[in-house]
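Note that the chains are named A, B, C and D in the order they appear, and that numbering of residues resets to 1 at the start of each chain.
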Amino acid sequence: MAASLRLLGAASGLRYWSRRLRPAAGSFAAVCSSSVASKTPVGFIGLGNMGNPMAKNLMKHGYPLIIYDVFPDACKDFQDAGEQVVSSPADVAEKADRIITMLPTSINAIEAYSGANGILKKVKKGSLLIDSSTIDPAVSKELAKEVEKMGAVFMDAPVSGGVGAARSGNLTFMVGGVEDEFAAAQELLGCMGSKVVYCGAVGTGQAAKICNNMLLAISMIGTAETMNLGIRLGLDPKLLAKILNMSSGWCWSSDTYNPVPGVMDGVPSANNYQGGFGTTLMANDLGLAQDSATSTKSPVLLGSLAHQIYRMMCAKGYSKKDFSSVFQFLREKETF
Amino acid sequence: MAASLRLLGAASGLRYWSRRLRPAAGSFAAVCSSSVASKTPVGFIGLGNMGNPMAKNLMKHGYPLIIYDVFPDACKDFQDAGEQVVSSPADVAEKADRIITMLPTSINAIEAYSGANGILKKVKKGSLLIDSSTIDPAVSKELAKEVEKMGAVFMDAPVSGGVGAARSGNLTFMVGGVEDEFAAAQELLGCMGSKVVYCGAVGTGQAAKICNNMLLAISMIGTAETMNLGIRLGLDPKLLAKILNMSSGWCWSSDTYNPVPGVMDGVPSANNYQGGFGTTLMANDLGLAQDSATSTKSPVLLGSLAHQIYRMMCAKGYSKKDFSSVFQFLREKETF
Amino acid sequence: MAASLRLLGAASGLRYWSRRLRPAAGSFAAVCSSSVASKTPVGFIGLGNMGNPMAKNLMKHGYPLIIYDVFPDACKDFQDAGEQVVSSPADVAEKADRIITMLPTSINAIEAYSGANGILKKVKKGSLLIDSSTIDPAVSKELAKEVEKMGAVFMDAPVSGGVGAARSGNLTFMVGGVEDEFAAAQELLGCMGSKVVYCGAVGTGQAAKICNNMLLAISMIGTAETMNLGIRLGLDPKLLAKILNMSSGWCWSSDTYNPVPGVMDGVPSANNYQGGFGTTLMANDLGLAQDSATSTKSPVLLGSLAHQIYRMMCAKGYSKKDFSSVFQFLREKETF
Amino acid sequence: MAASLRLLGAASGLRYWSRRLRPAAGSFAAVCSSSVASKTPVGFIGLGNMGNPMAKNLMKHGYPLIIYDVFPDACKDFQDAGEQVVSSPADVAEKADRIITMLPTSINAIEAYSGANGILKKVKKGSLLIDSSTIDPAVSKELAKEVEKMGAVFMDAPVSGGVGAARSGNLTFMVGGVEDEFAAAQELLGCMGSKVVYCGAVGTGQAAKICNNMLLAISMIGTAETMNLGIRLGLDPKLLAKILNMSSGWCWSSDTYNPVPGVMDGVPSANNYQGGFGTTLMANDLGLAQDSATSTKSPVLLGSLAHQIYRMMCAKGYSKKDFSSVFQFLREKETF
């Protein structure tokens, strides 16, 4: 399907995403029943870097799991732990009426749901299907329609927070779907994340994540351009950051995640841009934002230029570095 | 002089600038001797919307003034108040050894200093000349050189904060010049502003202001693009703003000055983009940023595109609206 | 299908496309058997502004037609002319082993081929299916795969040239598909166009069209910016055009289709930008180019900015004007 | 002077400029009296890579020269040939009433005219001063004003064509100034160039050159993006170039100077981007275009992005390569 080709870029945009959140508004506090009374099994499809620790947090909360991953090895931990491993998404749907999918791309999600042995082949009426993959909101809406036809419920719930947050159960979930079902989704998501935010109709979870990352990319590049210009105009980097952060230039990228080495400790720029949120992953999320803007005919001048800049960086050796390395990319001096 | 032509655009970028500052770091607290003991007169050149209330705050603090403006009417208040009005910048320099200039463009500043009847014609050795105009840092450096030749001292000290802040004495001054002279400048600037920030060598005051405004423009347009995209993807504007502001998309434009009508009260977007910081003024500051980037060969991809966007808005009827009206500019629906 | 949503924008990008071609290289001369000996029927699906005159040219060359359009009225001409009108793409496939589809968007094309009553439901082994719609190359490849599974052959053959060229049989076809089948396609396409260009594997016909239009958009906007800047710098528009056209700035937009009123006769700029190639259609083709660039991870900095500029113009009342009206869009003076 | 700082970037933009011109319109044919009757001496200031061969062509036509260059060595050839070498621009002005200046930047031009020992110190009434430097049109206008005050005539006449064209006397001159004086200028310029184009009032010669180079940069980057996208979509580069060049995508960069290795012979892309027009020089001309656009408030969205792209390339090792190397810059594959 064409979508797959176009969206292949979105691969595992969620894997290492290490966004730091400001203190959560109370209204977003996560809810999680920790009663370990007999609970009905929960299906989990996609046990990658993120899915694995997420599923383990469900186990800790006493939920029996029905496991499936295209790579059998990915299921080993769970088999050893006595969880039930099956051989297809369809089999998961046969044995569980609450299923969480955590897949790297739209095409993988489409296959898990609509494929020959997909969930839809055996999904039970009334089942709750939660997709935590980061994909095109348009694909989420398509999946929701197909799920609805089967009398089941679909919600998109992409995450913020990387492997660390997945292990510690501190992810943020942005949830789109029918509001009446939000409480039911919250019961499970609250076991894996500290914040579960209801965003509106199906697809708005994806929309919220895409929007945040687009603005993040723009302000990060803007911060890098500004710091570089200021330095060349004779300003001390630390002083410039201080001035911006007490003024209207303030943004998360200048204050909490400054891209200039030496300005802050404990951020990727202080560690040769290791760790953090990879440039490739940001480029992929910007590709999703670009697709959404094109299909909704929304002008995104800075957003699409930011996409192109991260695209170029991927071809210049920055693909694995944190996305704040755009400062390094821009500051290289001209040679003669 | 070519500079003048190029910089004519910078006209009074400072006039209505209504940036809201976060609580100032203590280190930036303003100092102002309020002893009303006999003080030597202070020269003030440029009594426009900003200069007028600034000069009046100096009067309040007991400084006798030597006044000059190209428009005699602008001097009337001060004449009535018994201050001395003279007929040229040179005459000001003859009667005062501390002079503040507050002019709309580089060319006006060049004339006031280097013109036929300019300050330099009669400036006394050891005089302190403070230029609070917003102009090209390169011009500030040129003026500083010429002033130095005469044995006097020049500092650039552009302001943040609009007419309101000028009246209440709550401006922020970003000061560039010899550090030893900073205390002397602070004595006067502290009477007109609540924050006086030392930025480094001559020109860095201008550089700091230009850098902040460039990043501000980028994050404002980015916020407008993001809010518009999110709304078209089905998100509620208030909820989207809430999500961005608890996440890494957070910036001053999304949190303190949101451009979407209905999201916040007390900001220009809540009042049809009246008041605030005019689009033309932002376009002019971005023109200065562009010039500085070109002369220092600093890549500013988003910065120059932001410049072009505000340039276009000026030609589409937005010149007098607050710069957050870029949201309105982008959200217009396509017509068929 | 997600593709549909994303590509809905591509609507009828081909309808009025009035690109003027330079004298064709002989190698591209069209071939068309005009022998009126008994010919086997040709299926034609999509009888819109373009499909109608194209199909009539096939009739003129003696090909019996099997007609289908979602709008029965669109078939009337052909029914009156004694051609066979059927009630679904599947029925066309049952009665003809050579079929041409001419549809406005990817989703329409997907439905005509893969829908419940689509061509694939009854296509015969060995059939030749030619899609002249302008759609995402990725969709063309997907369709080709499905067609191949049925033992038939698929070729993409988007057109250049508008309704006028369609009537006079002077369209240009850019053809992608198995080279061995090109001659067979040429026999039919040669009856509707004066140039039939073989571009390579399936999808390359679409790629060629998208690439040409992206470069066209970039050079048109560049010409408009340049002419506007030159005029503001005091150059006479006609003289500037003359200088560019004898120099390295030369391009089709400056020489053959100049966007400045008064510089040339017989072009849209001489007629208030009426006729020509609509801004909306260019924006849609740029959307396809953007999608292709995103999925192939190709940096297109100017291409994506051109897309955004035409996107904005659509929302500023230019949607129906010729795409050269970008000059008018840019030259509006700033108001104060 | 601030202008100088800003324009330092313009350094020798003209040195290697190797634009290939299409057959000239007859109206632009150069005129040059080749009578070797006693001629009055011509002053020449600036004997660099371009000035040296230009001055020698004047000698060949029998004009005695009055020579000056800041680097005495640059005058040696002429001293040996018996021409008169003097020690300042002022001395040149004292001995010649027709003077040609060929300098690398605005600041050099400003010094040669307005400096302590500048031309204006001793220029004779009625003298004809022709500046062939490539500088900011605003600076040309300023110089013209000062020259006029002295009762002399100033014309700007920047050149196209590199060292080769300078040697063979095949440069193109774009001339701005009073039309009545054009014939007099043509007599001298016609000895050094094959085309002398009158562009209008003072500054329009510079404007014409800047405009052409901006459009050239835009269409070259556009061609590079398009060829790269097409190749990644499966098109053969030579075939794609052929299709573009028979269609509306046609431009000088795709047809005469194609940036893709293997598509054409005898262009920089066929020789690892050696020779041709250096990326740094293009970036400098784009800096001038940007300055002119900012001062005239002309939106140049693609023009300023092109400027930024060449700016970045200069910092990525492309500064000395031909400007068509932007294809190589863009096509680098993403690494993982």
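Just so it is clear, contacts are C-beta pairs under 8 Å (C-beta built on N, C-alpha and C of every residue); 3 or more make two chains touch, one makes a residue touch a chain.
Keep in mind it's a predicted model, so treat the numbers as computed, not measured.
Undergrad: Looking only at residue numbers at the chain A/chain D interface, is the share used by both copies over half or under half? Answer same or different.
TA: At the contact between chain A and chain D, which are copies of one sequence, the residues are largely the same (over half shared).
Undergrad: Just grab the chain with the largest centre-to-centre distance to chain C, centres being mean Cα coordinates.
TA: Relative to chain C, the chain with the farthest C-alpha centre is B.
Undergrad: So which one's got more C-beta contacts, B-C or B-D?
TA: Taking the two pairs in turn, the one with more contacts turns out to be B-D.
Undergrad: As a quick test, compute the distance in whole Å between the mean CA positions of chain A and chain B.
TA: Computed value for the inter-centroid distance: 41 Å.
Undergrad: What is the distance, in whole Å, between the centres of chain B and chain C, each centre taken as the mean of its C-alpha atoms?
TA: 52
Undergrad: Nearest whole angstrom, what separates the Cα centre of chain B from the Cα centre of chain D?
TA: Chain centres of chain B and chain D, defined by C-alpha means, are spaced 38 Å apart.
Undergrad: Where does chain D touch two or more other chains at once, residue-wise?
TA: Each of 297-301, 305, 311-312, 314-315, 330, 334 in chain D touches at least two other chains.
Undergrad: Along chain A, where are the residues that touch chain D in the complex?
TA: Listed in rising order, the residues are 280, 305, 311-312, 314-317, 319-320, 330, 332-336.
Undergrad: Going by the contact rule at the top, pick out the chain B residues touching chain A in the complex.
TA: Checking each residue of chain B against chain A gives 19-25, 28, 137, 160, 172, 174, 195, 197, 199-201, 203-204, 207-208, 210-216, 218-219, 221-223, 225-230, 232-236, 239-240, 242-254, 256-257, 289, 292-293, 296-303, 305-306, 309, 330, 334.
Undergrad: Would you tell me which residues of chain A are touching chain C in their complex?
TA: Listed in rising order, the residues of chain A that touch chain C are 1-3, 5-9, 106, 136, 138-139, 141-142, 283, 287, 290-291, 294-295, 297-301, 304-305, 307-308, 311-312, 314-315.
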